[in-house]
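Look at the two complexes coming up: chain A is in both, with chain B in one and chain C in the other.
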Partner chain A sequence: MNSELVQTAAPASAREAAPALSARECERSSRAALTLRVLAPALGAAALTALFFALLVWPLLCLLLGSLREGNTGDGAFTWENYRTFFGSRRMLGALWSSVWISLLVAFLSVALCLGPAWLLVRYRFPGKRVVRALFTLPMSFSGILIGFLSVIMLGRIGAVPQFAEWLTGTPWLSGFAYQLGGVLLAYFYFEIPRATLALEAALRKLDGRLESAARSLGASSGQIFRWVVFPQILPALLSTFALTFCVSLGSFGVVLIVSKRFTLLPLEIFQQIIASNRFPLAAAMSVVLLALALLVTLGSRWLVERFQPPVPSAR
Partner chain B sequence: MPSSSISTAPASLELRGLTKAYVRGGTPALNGVSHSFAPGKVTVVLGPSGSGKSTVLGAISGLVPPDTGGVWLDGRDITELAPEKRGFGMVFQNYALFPHLSVVENVEFGLRVRGLGREERRTQALEMLHLTRIPHLAGRRVHEISGGEQQRVAVARALAVRPTVLLMDEPLSALDARLRDDLRAELARLLRELALTTVYVTHDQAEAMSLGHELLVMQRGRIEQAGRAEDLYLRPASPFVAGFIGAANVFAGVERLSDGTVRLPFANLPAESDVPPGPCWAMLRPESFELVRDSGRADFTAVPEAIFFLGAQVRAQLRIGEQPLTAEFPAGTPLEPGRPLALRVRPGGLYVRAAENGA
Partner chain C sequence: MNAARRPWLLLALTGLLLVLIVTPVLVVTAGSVLNTSFLGLASEQWVGDGRDAEALFTTKWFGYVLSTYQPQLLMSVRLAVASVLGCIVLGVPAAYLLVRGQFPGRRFLEELVMLPLALPGIVVSIALIQAYLPIRGSWWFVLLGHLLYTLPFMVRSVASAMRSFDVAALERAAESLGASRWQRFWFVVVPNLRHSVTLGSLLVFAVSFGEFNVSYLLCTPLTATFPNALYATYTFNSFQVSSAATVIFLAVILPVLALIQWLGGDELKVEQGA
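Entry: the complex of A and B
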């Protein structure tokens, strides 16, 4: 339309050429823009899909296939033997079982015990709040090895705590606690504190305090408010935090590597099979079991979250 | 709880010298608020944002404990009583409906808290939904219904507990204008039927005038004036009230002369008032002017700068030299921007009050 207008208004050929050219250029550039608009996302999607395959599907497929082969070379015959070995070994099943219930217990403890501090950090103002938050979140950057080592330093056979207790009371209380079940649980819990606190804090921040005021004005006691207003709303966050901390504990290995005198957990057994015994297919089978377990809990919690998720309140 | 309990004598609610500062030593949100609320009537607390009107409601509900002063209910000091033990109903500005519960479960909440059985509370909740005309929404989720419907749920939820006092915090401000007008009329009907002692907070003076038996105008943590809408409109106690209730041309810091006229910036006008000569403030409502043909009888001449058609009236932004003035004339009055008008103030149109300290 633009070029038509120009042609009738400016009959001189010299002036005619320039606008006509610019109109054609304009058309070309708009075609380029269209190409970019359609092609760029398609290319991006293709790249992401490729990346997804390279980073996730391929390695996991190799792991799965590796667990179903004989020998270490990866070209052995198909076999269920590795899984049979795993499920036939009392020691390994014991490690699996310990891993599951320790992770469940730690996840439960993390959610239950970090809810209070998270609530405090979200709802209250108090002097030194930043220090408290740092205390609760800084251990996030500690590796499992470090936490296991700290546990030994503090609660080992000649740890700082038993030494202090001996100086105080004459008896080395808690000597070697780091190697006992309680000590392992404590170290794992310590490992989870920042993760659980941060996840719960984010969920509590989204809670609308006016709902609690409304419940109070309707006559609800603090207990009723928690049971009927707060709890149903944070239940999804509790579930997903539970799943998160469970999976982190299940896969974590640094802590138990240091304190595993009486204990063995599944990640440690996998480590042994890879490093000490060089039995890759068996290690692969064990990894698949570990992975399946984590996936089960994650998807299970996701399903529960979707069931209990309160609908998003209207923006009004 | 029998439904007849609603017909007991309406509660008398009284505030005695309430003060409250949210920050210690900071600007007080309440600065000595005392008032005795009319039992069984709607009292509207009106004021600009930050005037302390929501804090008054907080103090009555118990959610915001006052620093000093007291809240009295039927002759009993309830200042220290926990909010959940007061038995009041409250409608919040954004309704604060429970998102994880259905409409009827929201309305049931206060009854569930009181330990009522499932069937009984369901019956009573449905009764309340009938009262607010949304029984068909009982099973819906809160996020599925409109803003106006949410407002009705909030009202039903507050009424379900058979409150002795009903507190409403800007219950219509989240709605669009058209819906607000409809709901306002319906709310007025409902509140009249219930005859509950109601405290209604708003910043909208039209809402206040149509709903309130009595109005409290607040500013800077104080009650500037309390009274019926008419009193506040015709006899405002301060320039602030004059400007806040309806449109007004307010002239602070003017003087009444010994001949009885008031010296305004643009003219000396006669005033029917017993205000003694001396410093005073004056008010001219927009409807207090009339056009005169004979410019010899005019009080002054003004030039319209802008003209707005309002339906039954035409509003004109006038200018007399440097002095702006708002005036309203009957529709059909021939007005033209820039064409001077000879104007007269109707008899009794100029309102004068002696200047108080600071006014």
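Entry: the complex of A and C
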């Protein structure tokens, strides 16, 4: 399959030349060439589509169907019961609500705070820039549990920060902060740093610096330049980064799995339904809600991004 | 931007975030080799009271983790390597197809390939279990989940390279010079893709090795990955053992991340779940 697909690179010249050949010549041209040009891409596309239907579309359909059935086997009678249980449970609705607003808050924080380093990395040259950049990508493959653990050793009841504070001032400041809302937000922000910074950096790199120079030469202040020149240009990137960080936070449960003491989030509830109660249909219904929310935000942000795409400056 | 003026605010913010990122890593590294209660959780395996110089520094927890969680570590390495190979075999042709192919539904297929990145890992793992319950015990099953989440990175890396170096123009030039199909592929396309495939492979390795959200439910005790072992140490073991396990994880992942940066992580973008 590999070699066949690779051969699909029918050069444009060959493709353009094809109609010029007479019908008889076409017939005479080896059947293999025709196969490679027409059949191979079709076969490749079919194979790739089939693979993703088997790995993604079919499982998601099973999830949807499973959420509408009784019992764990997936062949029970049709029922709305799982959704009724979900939307009737104060605890689960609370988890959904917490998930949404914590993800919103984290996404907002990530976009706002990571714009600084992204701007610095794009617009300035300084010694050790590569190292700084590398360090900013560090949390990228830390899973939530690892960050939860780091949060506990730093800000747990006898974490490093409270102990240091006690040694310094006599009071264990921030003791147990990891288990509070602020600690959870901080841990979530931790894994969003590389995601937000890299996404914003890519967008800022495309920014046309000449527009800012032009605005400056016309007497605009830094604030005015940001508000009227930079901001409209990066608004789509801000929106898509917001959606990206929101979705990552929404699906993450590792941090709260480690530090959950006070509150719960929707993915953690799903996890518990499976691990502790083995209630697959209910977990499936909750998953469908989570999935719908993630897709809604992703598609919504794309629609907004297209709406706010600035017109291309004609002077370019 | 006025180059003469130093961006103090940006520097301060960046410095603050750097401290936030790096300090926990340093603390956990210190905690893994020091026999002390200073850092973090109380430990039942805490030895001595700190005055015993011999007991202050120890590497024994690494040995403990490596022997206890060796199967999980090997499983993660195996999954990561298999993901890399799978992504090369599937992802390079797929990228070629998506960039060069002209067929109806190409955009849709591209969306489908990138879609997993937008989906919560736990949801996809539950969906996979519902669809393929009978093969749950096999490590192949976990590999499928990993492939789903790593393939987008390889496809994007290769596809962006293909879009930038204009494979069609180069191939046409080679063809006009009399190169055959295979010659064009081996001497024009492959050398131009080497860099992006290397970068993509490193990314795939890093993502697969650190993956927890999808793997945790897909795994059975026999196919548990190293992040699963990390979770086990956080839940059941002492602070030192957990720290040592974390440091072992970092020792594998940090060189890979450094290599990604060094090879040109400028075009890097990550959005997989945490």
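We adopt the following convention: the second predicted complex is superposed on the first by the 279 of 316 C-alpha atoms of A that agree within 3 Å, B and C clash if a C-alpha of one lies under 4 Å from a C-alpha of the other, contacts with A are read in each partner's own complex, and residues count from 1 in each chain.
The rule is short, and it goes like this: a residue touches a chain if its C-beta (ideal position, glycine included) is under 8 Å from a C-beta of that chain, and two chains touch if they have at least 3 such contacts.
Here the structure is a predicted model, which means the values were calculated and not measured.
Contacts of A:L295 after superposition on the shared chain: chain C is touched, whereas chain B is not. Of the two partner chains placed by the overlay, neither chain B nor chain C lies in contact with A:Y179. When both complexes are overlaid on chain A, the residue A:D208 reaches chain B alone and has no touch with chain C.
When the shared chain is aligned, chain B comes close enough to touch A:Q233, but chain C does not.
Between chain B and chain C, it is C that contacts the larger number of residues in chain A. Of the two partner chains placed by superposition, A:F246 touches none, neither chain B nor chain C.
Of the two partner chains placed by the overlay, only chain B lies in contact with A:S221; chain C stays clear of it.
The residues of chain C lying in touch with chain A in their complex are 1, 7, 9-11, 13-14, 17-18, 20-25, 27-28, 31, 37-42, 89-90, 92-94, 96-97, 100-103, 105-106, 109, 112-113, 115-116, 118-124, 126-132, 144, 147-148, 167-168, 171-172, 175-176, 181, 184-185, 189, 206-207, 209-213, 216-217, 227, 230-231, 234, 239, 242-243, 246, 249, 253-254, 257-258, 260-262, 265, 267-274.
Partner chain B is touched in their complex by these residues of chain A: 208, 210-211, 213-221, 224, 228-229, 232-233, 310-314, 316.
Remark: chain A residues 1-2, 5-9, 11-14, 36, 41-42, 44-45, 48-49, 51-52, 55-60, 62-63, 66, 74, 113-114, 116-117, 119-120, 123-124, 130, 132-154, 156, 158-160, 163, 186, 190-195, 198-199, 202, 209, 212, 244, 247-248, 250-254, 257-258, 267, 270-271, 274, 280, 283-284, 287, 290-291, 294-295, 298 touch chain C in the complex.
Interface residues of chain B, counted against chain A in their complex, comprise 61, 63, 83-85, 87-90, 92, 94, 96-100, 109-110, 112-114, 141-144, 147, 150, 157-158, 161, 167, 174.
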